[in-house]
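Please see the structure below; I have some questions.
As written, the chains take the letters A, B, C and D, and residue 1 is the first residue of each chain.
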Amino acid sequence: MTQFSVPWKQSPPLEHRGPARGVVALARFVYSAAAPIVSRFPGLILTSAIVFSTLAVWIHWELFSYLETIAASDLNGTAKSIWGQSLTVGEIGAYLQSNSVAAGGVLKYLLWPLQMELFRDIVGLAAIFQLFNLIPVYAIWWERKVAGRIQSRMGPMRVGGWHGWAQSFADGVKLVAKEDLVPAQADGMLFKIAPYLAFVPSLLAFLCFPLGSYWVFRNVDVALIFIIAMVGIEVVGVIVAGWASNNKWSVYGAMREACQMVSYEIPMTTVLLVPIMTAGTLNMVQIGDAQSGGWFTWNAFHNPFTFIAFITYYIASLANCKRAPFDLPESESELVAGFHTEYSGFRWSLFFFAEYAAMFVVSGLAVTLFLGAWHTPLPSTWAFEETSLFKILLNGILFSSPFWFIFKCFIFIYIQLWIRWTLPRIRIDQVLYSCVQVMFPIACVALVGHAVWMVLLDGSMFSTLIRWVLGLIFAAVTFGFLSVAAFGYRNGRRMVGYLAVKQLPGS
Amino acid sequence: MANTIAPNNPAENSAPRQADVRTEEMLVNMGPQHPSTHGVLRVVLRTDGEMVLESVPHIGYLHRCAEKIGENVAPYQYVPYTDRMDYLAGMNNNQAFALAVEKLTGLEVPERAKYIRVMFSELNRIASHLVAIGTYGLDMGAFTPFLYCFREREMLLDLFESACGARLTYSYITIGGVTDDLPENFVDVCSEFLDYFEPKIDDYNNLLSYNHIFVKRTGNVGVVSAEDAIRFGLSGPVLRGSGVKFDLRKAKPYEIYDRFDFDVPVGLPGGTAEIPRGVVVGDCWSRYYVRVKEMVESVKIIRQCLRDIPDADEKEGVCNKKCKTVKLPDDEVYMEIENPRGQLGFYVKGDGSAIPARVKARGPSFCNLCVLEYAGKNCLLADIPAIIGSMDVVMGEVDR
Amino acid sequence: MTLRLNQLMVFATPIIIATLVVIAPVQAADTELPQSEQGLTLSDQGIQKSADGGMLEALMFYICAAVVLGSGLAICLSKNIVRMAVYLFGTLASVALMYFLLLANFIGVIQLIVYAGGTLILLIFGVMLTSKSPWAKFDVKRNEMIAAGVICALFAGMLLMVVVNAEWPLETDAVVVGSSMTQFGSALLTDYLVPFEAMSVLLLVVMIGAAYMARQE
Amino acid sequence: MFEIGLTHYLVVATLLFVMGIYVMMTKRNAIGILIGVEMVLNGANINLVAFNRYNGMSGIDGQITSLFVIVLAAAEAALAVAICMNFYKNLNTVDVDHGDTLAG
């Protein structure tokens, strides 16, 4: 059989030089080693992931409940993060041994570097950086799967074997290996610096972001404003990117971004004052812990105005992290790709990291401020007395844990994806109209109404009644949504491709 | 991109619709490589911030001398070239050229072939409108309806493939009939498809047509009044969207369209149960919605075809036997049909030989595109994709 | 098209630096301060100076100062207005870090959200709306620059002499000032009520005035 | 050297202040001048907060004053950008040297 040969010269195979060769070889090895295993034993891996997660919950519960005892005996009596606390090996070991944990000795040995503050900082920073890296990677993969399901297709299925789990990693490798183009007419310095101006602030927002009562890198008293500021600063990078590209579509994207962000920060910050007023603090940890009494104590159900504030916040946050239907700065059908038209490779991926991290941050704010943070719907007064390992474990899973926080966040991210793949994009004048003439008055009404409610009705029977009614409405809506989703999931498969899979004559 | 700045001459401009701050005017090149210009259309926009003061379409990037080729090949050989003009509605293009040549030569078409032609041109109208609706959603930022539309279009393409073996450039309808008879159970499969497809139109309406954002984006945007539509020589859904009830299938029934019962949908003012508030006659939403309604009518026509189609006649076949040897008389003819995009006309002049002396096509996209300069004036930048999308141009046919 | 690892390191370096720059000040300002007015000293508050002898704080201060002054100098020398705005971002952000170092958390985040997130974007927006082309330049005459430089140098020398030589009534053991939000709130609504109200009226006036000035005739 | 005190901050504040004045003097772009003003205000603010930290009599007077300065600066920037746009609308440039006509 003759080989079909192209008439033009074939480009030589890709060659990597220097240390890059080692990286590529390592990536190949890891992939070739992991892919068959993951594709063959997805169930086993999932199960072990759950087991290890629960173990991690248990360990965190052990360590941090000990820290709580230290904090209680502290001079100020205020709770502190693990990373700010001086902790000696002896203290950890003594506590572990006093609870007759068999592995105490080994743990003691393993945990000895934790007594050094710098080491704890580095470990915590690495953890945050990993969180920051992994969330976009999985959110992108998940978005593609969700989009596929919504559009009656499968989404990524090839890379890695099981439902294309390694797709984002493959994309990452591709992006890093891509040529890093800087247009000749662009302002080179600004063009190169802009992705970092967008990327670094959204990374920094994670520094003060609590995932649990003790799961916070820096427990700052103004954490909330810090996070909002970081989400707001991200826009500087976007504007500079659009401007420096010297492309008119990019400039349009930058102008739209500036317009949209500056205007939507006003209603967003206004409604954020509502939970701040309820909790009386700007400390995210304290705001979260104030909602520990079951789901009727969550801020969103405090009164009708907080509920309005919650919904207003969610819509404004969509605009703030430029998700559809507010994705005007990068609207692909109008502005080619908006502000990142001229970007490619690694710099482009930095923008994506920033965007997906911002999605997580705004969802996390919604969860922390309105929907009970890291607490489950059950009131934490129902928690078991920690007499046995099993009960401790159960407490960690049922009442308070970072997993609950991340779970709730991902529900909100899911809603963002759902909206994005369902709704058309709105126009710039409609964006500004809805901000100035709809959202901002609603936000003001929510703020003033909440203030009046707090003064007049707080603690009364009527207030409690309203709280229960709102909570039940929310529960009913959630239940209805879940049942509709389950129905659709069961029946969706039969409808999709009903005729497409049929054998047609002649085909 | 050329980094040119328009000379600032305020006297030239007509007053913009809404602009709070006057800034520098800018010339922006939209296309020929742009996601929402549906191919290689290039529109030069003169903008003031987000306002578009003027939009000038530039064409010619896909010119392939299709008409000149017609003067060098026999009509039977020219049929495949007509596919390449409006590549989303190949069947209709074949039909237009075949009808023109048949009118010129007086070739008889078998009865069964006539039904097959009508059926396939209507099926292709559905397929073409599905692409138009899907990509229009894409232009508005809604990605999902696009894939739903393409899912149904895939099934249509399967049907076409089963009949003629091709999925895009069919050359199925040819001079004197169709190239091949239908597969055995085509009638059953096709009616099964129609049963599946008809409720899907409601899905599109719920998903896209009546979506509040979609209505806000397209209602009262790019309005072309009925007089202007006639003045610009528009045709097809773009004309009917402006409220002019004119369809060649009703007005000058060709083939066997006079045997079928169907409606001609036109754009209607908003505020009723069917048409949402905020829609005016002649805007983008009306043009879009006329396409949706036309799909319903096409389904009606196809059902009647499937009911009435005569059985295969072994002796007669589905194609006139003289189709390949026909000589064109020394005469000229102009034949128009209703393409999914409007009136597609073929002018054919013969000189007694087997090869035409002149072939000229009147493309609906080309004529519809000329209204862009009129409609795309003093609107927002985001309205330009909305207007272009609602014209539903196919650049292959504009440039030919 | 090959994978360039050294390029990757170039990408990573500013991230690492920026992260480090932020961590230490936030760490210094980490501890919750008591609302009592006892004026506890630093060492009581867990901000240990003993462990590293304030090395980290000093390092952070010098990095901040370098960024502030470096980007300030860049603003002075730059002719490109957009670049000037980006350099100003560097100044504003590192001034915010200085506020963190000075234990003024609230002022720091307000600086970030109002200055870096609001005013700066407003400035860049103004630049975009008012420049003929992206690289509009206004040339400055050389003698103008020299004159301004001399005047400013003299002025700076005078001020620096005062600052360095003056005997500030400084408490020897630095007093920690609580910047808790409760204190801020009560101060704004009691002692500073009149300026606070005046400020809100001013903001309203400015809002109306700006809208009036930028309108279309 | 490693003991950071009040003077260190004051030096930085002074230099920033003077740089702001230099920018105000040399730039002819109206927005460039605005940038200079922001630098001057920032220099003053560092002063306020530093004095509050090191000589604060355990109050927060300095911080509150700097808060007011930040608010003022934001208001001033909004107004100044509006003026710039008006200027640009009338004269088609933002070069302040051209703003000597005294006529709207």
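In this section, contacts are C-beta pairs under 8 Å (C-beta built on N, C-alpha and C of every residue); 3 or more make two chains touch, one makes a residue touch a chain.
Nothing here was measured: the structure is a model prediction, and the numbers come from that model.
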Chain nearest the overall C-alpha centroid of the shown protein atoms: A
Comparison of A-C and A-B by number of C-beta pairs in contact, larger one: A-C
Centre-of-Cα separation between chain C and chain A, whole angstrom: 29
Centre-to-centre distance between chain B and chain A (centres being mean Cα positions), rounded to whole Å: 45
Rounded Å distance between chain B and chain D, as computed from the means of their C-alpha atoms: 61
Intercentroid distance (Cα basis), chain D paired with chain C, Å: 11
Residues within chain C bordering two or more other chains: 106, 110, 118, 122, 125, 129-132, 214
Shared-contact residues (touching 2 or more other chains) in chain D: 85
For chain A, residues that touch 2 or more chains besides their own: 246, 255
Residue ranges of chain B in contact with chain A within the complex: 1, 3, 18, 26, 28-29, 34-36, 49-50, 137-144, 147-148, 151, 154-155, 158-159, 161-163, 165, 183-186, 189, 192-193, 196, 207-208, 211, 213-214, 216-217, 380-385
Residue ranges of chain D touching chain C (in the complex, touch as defined): 1-12, 14-23, 25-32, 34-36, 38-39, 42, 45-46, 49-50, 52-60, 63-64, 66-68, 70-79, 81-86, 88, 93-95
Complex contacts: residues of chain A adjacent to chain C: 14-20, 23-24, 75-76, 78, 80-81, 84, 86, 117, 121, 125, 129, 176-180, 187, 189-190, 193, 196-197, 199-200, 203-204, 207-208, 218-222, 225-226, 228-230, 232-233, 235-236, 239-240, 243-244, 246, 251, 254-255, 258-259, 261-262, 265, 281-283, 346
Chain D contact footprint on chain C (complex, rising order): 37, 39, 53-55, 57-58, 61, 65, 68-69, 72-73, 75-76, 81, 84-85, 88, 91-92, 95, 98-99, 101-104, 106-107, 110-111, 114-115, 118-119, 122-123, 125-127, 129-132, 136, 138, 140, 144-145, 148-149, 151-152, 155-156, 159-160, 163-164, 168-171, 174-175, 177-179, 183-184, 187-188, 192, 195, 199, 202-203, 206-207, 209-211, 213-214
Touching residues (chain side chain C, partner chain A) in the complex: 1-8, 11, 14-15, 18-19, 22-23, 26-27, 29-34, 44, 46, 51, 80, 82-83, 86, 89, 93, 105-106, 108-110, 112-113, 116-118, 120-122, 124-125, 128, 134-135, 180-181
